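Common to both upcoming complexes is subunit A, partnered first by subunit B, then by subunit C.
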Partner chain A sequence: MDVVRWLRRFRAAVWLTWKEQSNWTRPYIYILYSMITPFFSVLVYAYIYVVIAFYSGLVDLSRAYFLVSGVSLYNFIGSGLYGLIWTIHSEREHFRTLKYTYLAFPSLHVYLLARSFFHFILGGIYALVMFIAGLLITSYPLGSLNPNLLEVISLLIIGYLWSSQLGVMVAGTSIFSSEYGPLISEAVGGILFLVGAVLYPVSALPPFIQPLASLFPMMEWMELMRHALNQSYYIADVGGMYMSLIAKTAIYILVSIVYFGIIERLTRKRGYLEATLHH
Partner chain B sequence: MRRSRSALNKVLRPALGRAFVRIKGGNREPSWILWEILLPMIMIASVIWAYEHLGAPSIFKGFVILGGAMMSYWYNVLWGMGRTLYWEKETGNLELFLLSDSRLPGLLLGMALGGMFNTSIRSIAVIIMGVYLFNAEFNVSALPLALLIFFLTLISLYGLGMGLSGLHIVYGRMGVRINEALDEPIMFLSGQYYPISAFPTLLQYAAGLIPLAVGLDGVRRALLLGEGLETLYIHLIILAVATVAFYLIGMKMLNSLVERGRRDGRLILRWM
Partner chain C sequence: MEQAIETINLVRVFSSPQGEFKALDNVSISVPNGIIYGLLGPNGAGKTTLIRILATLLLPTSGDAYVGGFHVVREANKVREIINLVSGGERPGYGILTVRENLMYYGQVYGLTWSETKRKIEELDQLLGLSDFLDKRLNRISTGMMQKYALARGLINDPDILFLDEPTLGLDVNNARAIRRVIKRLVEEGRIKTILLTSHYMAEVEELCDYISIIDQGRIIARGAPEELRRMIEKEIIYDVDIRLRDVDRLNFLKRLDSVIGHTVKTRQLSGEARIRMILSSEDIGTIIRRLEDEGIHVLRVSRSEPSLEDVFLKLVGKGISDEEK
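== the complex of A and B ==
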């Protein structure tokens, strides 16, 4: 395998995403523009805590940490996932370039992973900005954080691996429907937000919804990230949670490769790469 | 007399025609309606459970449900007009429309009316589901006042949306980006999940410039806190002034942007 050539292709797809996302504007304008959404997004959710503190006098910094870290870290997963799934919709329906991409890039699966990489990077920056801003808004003492950088980086890589493969499976499914593609992407993102220990622990969910959380690696990833960012965040069984996260990630990667392979064959057979519905 | 009736026709007829297309198009597939109800419900449920986890009083459930239901008018009515207009331009319909004798505000009115109808179906369903799933309680006797505030909010959103639609015509994808960038600030300043009275005074003044924030606050005060006309008349005055002001500003902005688009040849320029 020619790694240099592979990396060059990967970089080209990331560059294309950057150009398309920034609409060919100057980098500093795009960076300023990009910061608006995460900054106000964290305000929206951090204020949930602030409002409760304002009205009831309840001040529980551990809950503030849970909420702010959850919303911030969700951006890493959400941004990458949406970006990846939207690639199919925008390239096929809006720009009508999917068929050319398919001919030009050796693997659609890798192409999607590369296109999503930019969104994950952006999501990571969003997460960092939101995390710091959110903790400041909720008056959480930043000095009490005790992050383990190696663990954070490892978990970001694992997060990219499982969520990008989940995105590939959803994107593959969306090839079969123009109308439902964006809805499916929103639904998957919404379900992860609902059951992924983002705003509250999974135990706060009604019992009949809780089993849904175990289908995704989100809850483990989220809890371990909280622990990695602040070692004093308590998790009963860190090792067990790592095992579960790694096992689920491996399953996601395997299933995604098999599933997308089947989807790709069906897509070619039925001509869906160039089927547009003027959506 | 005949001239003014003809001018009115040039606004109302395209409005009805475009509203019909939007209503028919938005509801032709029943499963879309189901999705568009369930997706906001996921976010609403998440925030309600977050409040429960934080030990918030149950009145906050009502705040979240009303916030979720009314926020969709911002997306679907205000920006919906701009996005639909952008799509008309991309598909080549806009140039045909501009060549015809109809008036652009009529087309936008149709998009707004269609958007209001479609959003209302979904929002009502969201509120009903919210009541049944989360036992949210509303003061139904205040419904007439809440509806008055709500309709004034929608009319001012139309005026504001008219002006902002021009951005989509002239700036194309950049207009879409401006739209996206404004979503979160508006969500925050409108107090989607909490009352704006919790904001610092300066932010409350800033929120007062957004009709959705004023309308949402008024509807919540009426339906959740049981406040009457004696306190909510201020909301009505602000919304009435906003309705007139945003209509005038919106018309001026739209005309100026369309004129600019004509001058620069951007009205028929696609993929920009």
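== the complex of A and C ==
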């Protein structure tokens, strides 16, 4: 396998996403523009905390950290996931290029990963900015953070691996429904937000929903990221949680490869690569 | 000699709530290397379905197909390395990017380096004349320019085998002629080894192709070099009869005449006339004209014609290739 050629292809797909996203304006305007939604999102949650703390007099900085880190870090997963799933829709329905992409890029699976990479990078930047902004708003002492950078980077890579594979599976499914493709991506993003320990611990969920949380690696990833950004964030069994996260990630990669292979075959069987069903 | 393309009893059935539709019915073709092979047939004949299967975009229901010696189902990745596809009548591409950016992107996706892709674009500019619109956004270029861009994209990876699906569809005469000129040059200059071209334009196929298969309702109904196909109707007599446009509706009786093997009508709105092209089994045009006049149809002109591919289609199918479009 020619790694250099693959990297070249990967880079081209990342570049395409950047151009697709930002071509309507100057890069810094695009970055500012695309930060507005996540910024106001963290602002809303941070102020909810501030207001509750102010009126109840119960100031709990550990809760502020939980809330702000959850909402901020969700951007990384949410942005990447949505960008990946949207790729199928935009390539087939808007640009009508999916069949040419299929012919040109040796693996549609890898292509989707490459197209989503930019969204994950952007999501990572958002997460960092929102994290700092949110902590400032909630008066969290930034100096008390004790991040382990190596752990943060490793977790970002693991986060990219499992969430992009989840995205590939959802994107594959969305090939069969051009009308509901974008809705499916929002639904999956919503489920992760609900059960992924973003705003509250999984134990706060109704018991019948809690098993759903264990299907996704989101909770483990979120908790370990909180720990990696601030070593004083308490997790009872860090090693066990890492094991669980890595195992789930490996399963996601494996299942995604098999599932997408089946989807690709079905797509060719039904001729959906070039079917434009909606627009 | 190894065939560039080979299909063996290829069948493709589409299922829908309305029932099943056989788009390809036991299609077997062999395309040798180094030629332009034409697939001629009316809309819905199965041409595009065949190309989609050969380009690995669609799976056949049964049968086998090989492209460059590779099986289109089992070795689809290897097939994709040696082919490219250009479809007419579409506007695919990233409209937000310029033509140059689109080509740069595809070049690199095919694994070329930045500088190799740049060189390739210069080369394609020489061949196709892209310079006027290379730096225009794709969504702001005309249909003719779009088709030149599509051809450039189809050539960016130097494919051994190029599939051209109705490459001049929707183009005006000048642009269609320019595209045809390029297609001819591609094979003459050895840039592309083999081209499989589909079209429902007789003249296009006749001008470009070394070998032709005529396809109708999913079946190959005739095949051969253009002159071989024309020889299929050398015993028949072909006449063009001009009538007034308003009499066209009264021509149904022609189907019942034994001496008329087939006929097609081309209308000319501007002059208010119509031309009936008839393939006759005998020289007896006088009887036909008398019958036309008995039906109240005024005959304006009668002339004997040389056989064309259109007449082959007419003889085989009993109707003109573009009759359904009317």
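Observations on the structure shown:
Note that in this section the second predicted complex is superposed on the first by the 277 of 279 C-alpha atoms of A that agree within 3 Å, B and C clash if a C-alpha of one lies under 4 Å from a C-alpha of the other, contacts with A are read in each partner's own complex, and residues count from 1 in each chain.
To be clear about the criterion, a contact is a pair of C-beta atoms (placed from the backbone, for glycine too) under 8 Å apart; a residue touches a chain by one contact, two chains touch by 3 or more.
All values reported here derive from a predicted model rather than from experimental measurement.
Look at subunit A after the overlay: subunit B and subunit C fit there side by side.
In the superposition on chain A, contact of A:Tyr102 is made with subunit C only, not with subunit B.
By the document's definition of touching, of the two partners only subunit B reaches A:Ile52; subunit C does not. Comparing subunit B with subunit C, the partner in contact with more residues of subunit A is B. In the superposition on chain A, A:Phe193 contacts subunit B only, with no contact to subunit C. Centres of mass aside, this uses C-alpha centres: at subunit A, the angle toward subunit B and subunit C in the superposed model is 80 degrees, to the nearest 10. Judged by the touch definition given at the top, the superposed model places A:Trp15 against subunit C, while subunit B stays out of reach. Look at A:Asn23: by the touch rule set out above, it reaches both subunit B and subunit C.
By the touch criterion defined above, A:Lys269 reaches subunit C but does not reach subunit B.
Of the two partner chains, neither subunit B nor subunit C is touched by A:Gly261. Least inter-chain distance for subunit B and subunit C in the combined superposition, rounded to the nearest angstrom, is 6, based on C-alpha atoms. Subunit A uses residues 23, 95 to touch subunit B in one structure and subunit C in the other.
Note for the complex: subunit A touches subunit B at residues 23, 33, 36-37, 39-41, 43-44, 47-52, 54-56, 58, 60, 63, 67, 95, 179-180, 183, 186-187, 190-191, 193-194, 198-201, 204-205, 278.
Of all residues in subunit A, only 2, 5, 8-9, 11-13, 15-16, 19-20, 23-24, 95-97, 99-106, 265, 268-269, 271, 273-274 touch subunit C in the complex they form. On the side of subunit B, the complex with subunit A involves touching residues 29, 32, 35, 38-39, 42-43, 45-47, 49-57, 91, 173-174, 177, 180-181, 183-185, 187-188, 192-195, 198, 271. On the side of subunit C, the complex with subunit A involves touching residues 14, 52, 55-59, 77, 80-81, 83-85, 90-97, 101, 105-106, 108-113, 153, 157.
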